[in-house]
Amino acid sequence: MMKPFFLSTAAAVAIVGSAASADEIRVLNWQGYGTDLDWSVASFAESSGHTVIHEYFNSEQEMLTKLRTNPGAYDVVLINAAFTPQAQSEGLIGPIDVSMVGNLADVPANMAENVDLNAGGSLHGVPWTWGLTSFAVNTNEFKELPTSIEVFWDGDYAGKVSIRDDALEAVQFAAIATGQDINDIKDLDAVKAKLTALMPQIKTYWGSENDWNQFMAAGDLEVATFWSGSASRSMAAGLPVQFIVPQEGAIGWLDGLSIPTSSTKKDAAHAFINWMIDPEFYVKWAADGAPASANSKAAAALPDDAFNKRVLGDAEVVARVQFQRPVSTENREAYLALWQELKAAQ
Amino acid sequence: MSGVLLTRLGKLWLLSILFFLYAPILVMAFMSFNASQYYQLPFEFSLKWYEKLALNTEILDAATRSIAIAIVTTVVATVLGTAASVALFRFEFRGKRFLQVMLFPPIAIPWLITGTAMLIFFFGIGLGRGTPSVIIGHVALAIPYVIVVVSARLATFDATLEEAARSLGANAWTVTRRVTFPWIVPGIIAGALFAFAVSFDQFVISYFLSEPGDSTLPVLIYTSIRKGFTPEINAISTIIISVSMVVMLIAARFSNFGGER
Amino acid sequence: MSMTLANQQRIKIFSLLSPAYLWLTVAIFLPLSAMFYFSFLSDVPFGQKEWFYSTENYQAFFQTTTYAKLLWKSINLGLMVTGCAVLVGFPCAYVLAKSIQGRSREALFLLVILPFWSNSLVRIFSWAIVLRGNGVLEIALNTILPFEVDVNLMFSTPAIVIGLVHSYLPYVILTSYLALQAIDDNLIDAARSMGANKLTILWRIILPLSLPGLLAGAVLIFVPVVGSFMEPRILGGRVGTYFGTVIEDQFVAVFNWPLGAALSFILLAVVLIILAVASPILRRAQT
């Protein structure tokens, strides 16, 4: 008699418990960047009971502004590793409770121990995805794929070239073309000269993935800088493009998922982050085009012909990548002044 | 040149300008029926973007929310703006010029800056964000437009008309109701339509001040261009424009606000 | 008696004006004042950042030629767009006010505003589809014309002007219409019967009487166009960098609100100076 009573009480407690922890968490991210996939949110809600609401940002600066001005509004935020130290030093994000993110065990040490994600001495951003900023070409126009970044300065493609309208990206791109370390640009004059020579080649700058796809589809562009994840999406959508990692190298970036200090639903936030680095989630996401996963099990689970396995899984390619580090405010403003001066001269 | 010919040419001009105004709208509608996501030509007819739209509750909710906010904004901004323009037109007082000049900062300063300023200020005073904040911001942005447009109409008002009415024994209220008001109605209508447009297209303020998950249509559009701006947006825009056109033409059929004398 | 009348009038003025201006104060003037304050700081006063009062942000405008060059370019764009919109829109408003009668006038009046109710970004993207090489315009022209033409206006200043004129045209059409429609036809008939020709009537009667509307429309176009950055960027491509672009960059690319705010207030000051210089000239033209 005692036993059933005890059991039913336990069951009741369990039900009450799970009802109480069925939270609504708010995620701050770029739109259409993995966390807001309908099927994934639905499946997370089913397994955990937590619902997910999204808010989007359009630039890293805006993301930081939103965190600063809306304490308590967000539970999970996507932060590029180059910005994690800043967010941490401003006290915007708190440490991750590693014990609550089981899938972290499958994240290789080089990512999990990334200096920037471990700002302040402990993990503040769970490595989620990484990718490259390099370029892609229109395969209808190229019989042989270029292997050098110099194709941007090739007169044959004058007026068919594009780079993103972003000072940091433009300067780092030219740093690679002039053989410099993107995180420690010694010769800014060489960068400026290289970009000055590039300007007449440019048809337009692109601002978003959507711009890029439209310009490419309309035949306005033949060579343009691009992000690896976006390139895999464009290829999946049937555009005739191919992503190139030139011999000079490429810019690498790492995105982490962080939890704001002011979040009141940290348990649910950890659970969501754990789901986000789950191989099951990633493989399904990658089928429609995604950046590379930080989880080695997830990466290994991809089919052999998958873009992220074929291109980014190649150790020789990865060796050419320079990963972005935080940029000081002074440098950021100097790069912007340089880029604005060049744009104003057009 | 004969008058008839001139009138014909004038009407032709008006028609071509209307065509110019509607060209991108037609393209937008056209592309909402085109199968290609990247607006590629040649055209291939498809209803798939409308089918997708019908299932996309996010866009539909945002559209409904935008329309509701725009209607509230229109009513409030038109009433407040019209009252202010009447005072600015009717009375001479110290500081009037200053008040008129103060209408320009909200128009001249890019909305991005005004929006950022509102965000930090509303947080500073504890108002925070949410639909009320969004509406406060929208109304404020719409008021200068209403005042400028209504004042443009009032500037042509002939004060002797009021005097004449008064000399015929009409009291102040009757004069306002029967003489002044009918005169400025076209200005008020135009001001209201602009107020609606300002709110309905306002992105920055809604973006900064709306609660997560409560976004408006422009916010949805602006944030979606980063990844992929699907023709579903064209489909909803086409539906909204078509419905408004029908509503407006019916309104035009049964009312008289063109200022016909 | 006169005292109470004056008081009554003051109460009237106050009750008519204060709701609108109180609203503007809370939602716009006070926030912008905060921004104005920021523009004199060395850094944004958030967190533990160090900051001090300084005019360096205003000095920055003069330290390179970039800003002045772009501001000049933006003012030119504003003049060009306003000029085109007035030339195109005023005759249109005239026809609407004087040649169209009855119900169709109301319908046309609404039809002119309706395009405004679509999203501006959607409109710009539609223009991109029209103007680009192998786009709608080229295809349409080649269908009509007996010879082949190559039309690619995309990523050029004309594309920016077309896009902006389209976006702002309804303002000038409607404000001009509101003024033109108020002109008594008898006045025009009287002038005609006294032997005035069409040009004289236009120059001496119609233009002066409709000037308030025309000017209101022109100001509503010029002022926002000078600060625009969205349309130029999408339609102008490489040549689409304007003063609004560098302001936006200070907010979006780097977290330098003080400089961005300083640049916006310089923009506002220049716009107000232009309007102040223009207003006496235009007022003289009116009389």
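Should a chain be cited, it is by its letter among A, B and C, assigned in written order, with residues numbered from 1 in that chain.
One rule holds for everything that comes next: a contact is a pair of C-beta atoms (placed from the backbone, for glycine too) under 8 Å apart; a residue touches a chain by one contact, two chains touch by 3 or more.
Source: prediction; values computed, not measured.
A.B. asks: What chain pair shows the greatest number of contacts?
C.D. replies: Highest contact count among chain pairs: B-C.
A.B. asks: With chain centres defined as mean CA positions, report which chain is farthest from chain C.
C.D. replies: A
A.B. asks: Roughly how many whole angstrom separate the Cα centroids of chain A and chain C?
C.D. replies: Here the centre of chain C sits 38 Å away from the centre of chain A.
A.B. asks: From the C-alpha centre of chain B to that of chain C, how far is it in Å?
C.D. replies: 15
A.B. asks: When the centre of a chain is set as the mean of its C-alpha atoms, what distance in Å lies between chain A and chain B?
C.D. replies: Here the centre of chain B sits 38 Å away from the centre of chain A.
A.B. asks: What are the residue numbers in chain B that touch two or more other chains?
C.D. replies: 39, 116, 120, 222, 225, 229
A.B. asks: What positions in chain A touch 2 or more of the other chains?
C.D. replies: Only 58, 65, 207, 211, 214, 218 qualify.
A.B. asks: Where in chain C do residues touch two or more other chains at once?
C.D. replies: 125, 134-135, 251-252 - these are the residues of chain C that touch more than one other chain.
A.B. asks: Can you list the residues on chain B that touch chain C in the complex?
C.D. replies: Answer in residue numbers: 6-7, 10-11, 13-14, 17-18, 20-25, 27-28, 31, 39, 41, 80-81, 83-84, 86-88, 91, 93, 99, 101-102, 104-110, 112-114, 116-118, 120-122, 124, 136-137, 139-141, 143-145, 147-149, 151-153, 155-157, 183, 186-187, 190, 193-194, 196-197, 200-201, 203, 217-218, 221-222, 225, 229, 233-234, 237, 240-241, 244-245, 248-249, 251-253, 255-260.
A.B. asks: So in the complex, which bits of chain A are touching chain B?
C.D. replies: Residues in contact with chain B: 26, 28, 30-33, 53-56, 58, 65, 69-70, 73-74, 207-211, 213-214, 216-218, 237, 239.
A.B. asks: Which residues of chain C touch chain A in the complex?
C.D. replies: Contacts found on chain C: 46-47, 64, 66, 69-70, 73, 125, 128, 132-135, 154-155, 233-234, 237-241, 245-246, 249-256.
A.B. asks: Residues of chain A touching chain C in their complex?
C.D. replies: Chain A residues touching chain C: 58-59, 61-62, 64-65, 68, 90-91, 165-168, 199, 202-205, 207, 211, 214, 218-220, 329, 332-333, 336-337, 340-341, 343-344, 346.
A.B. asks: Enumerate the contact residues on chain C facing chain B in the complex.
C.D. replies: 9-10, 12-13, 16-17, 19-21, 23-24, 26-32, 34-35, 88-89, 91-92, 94-96, 99-100, 102-103, 105-123, 125-127, 129-130, 134-136, 139, 166, 169-171, 173-175, 178-179, 181-183, 198, 209-210, 212-213, 216-217, 219-220, 223-224, 226-229, 244, 247-248, 251-252, 257, 260-261, 264-265, 267-268, 271-272, 275
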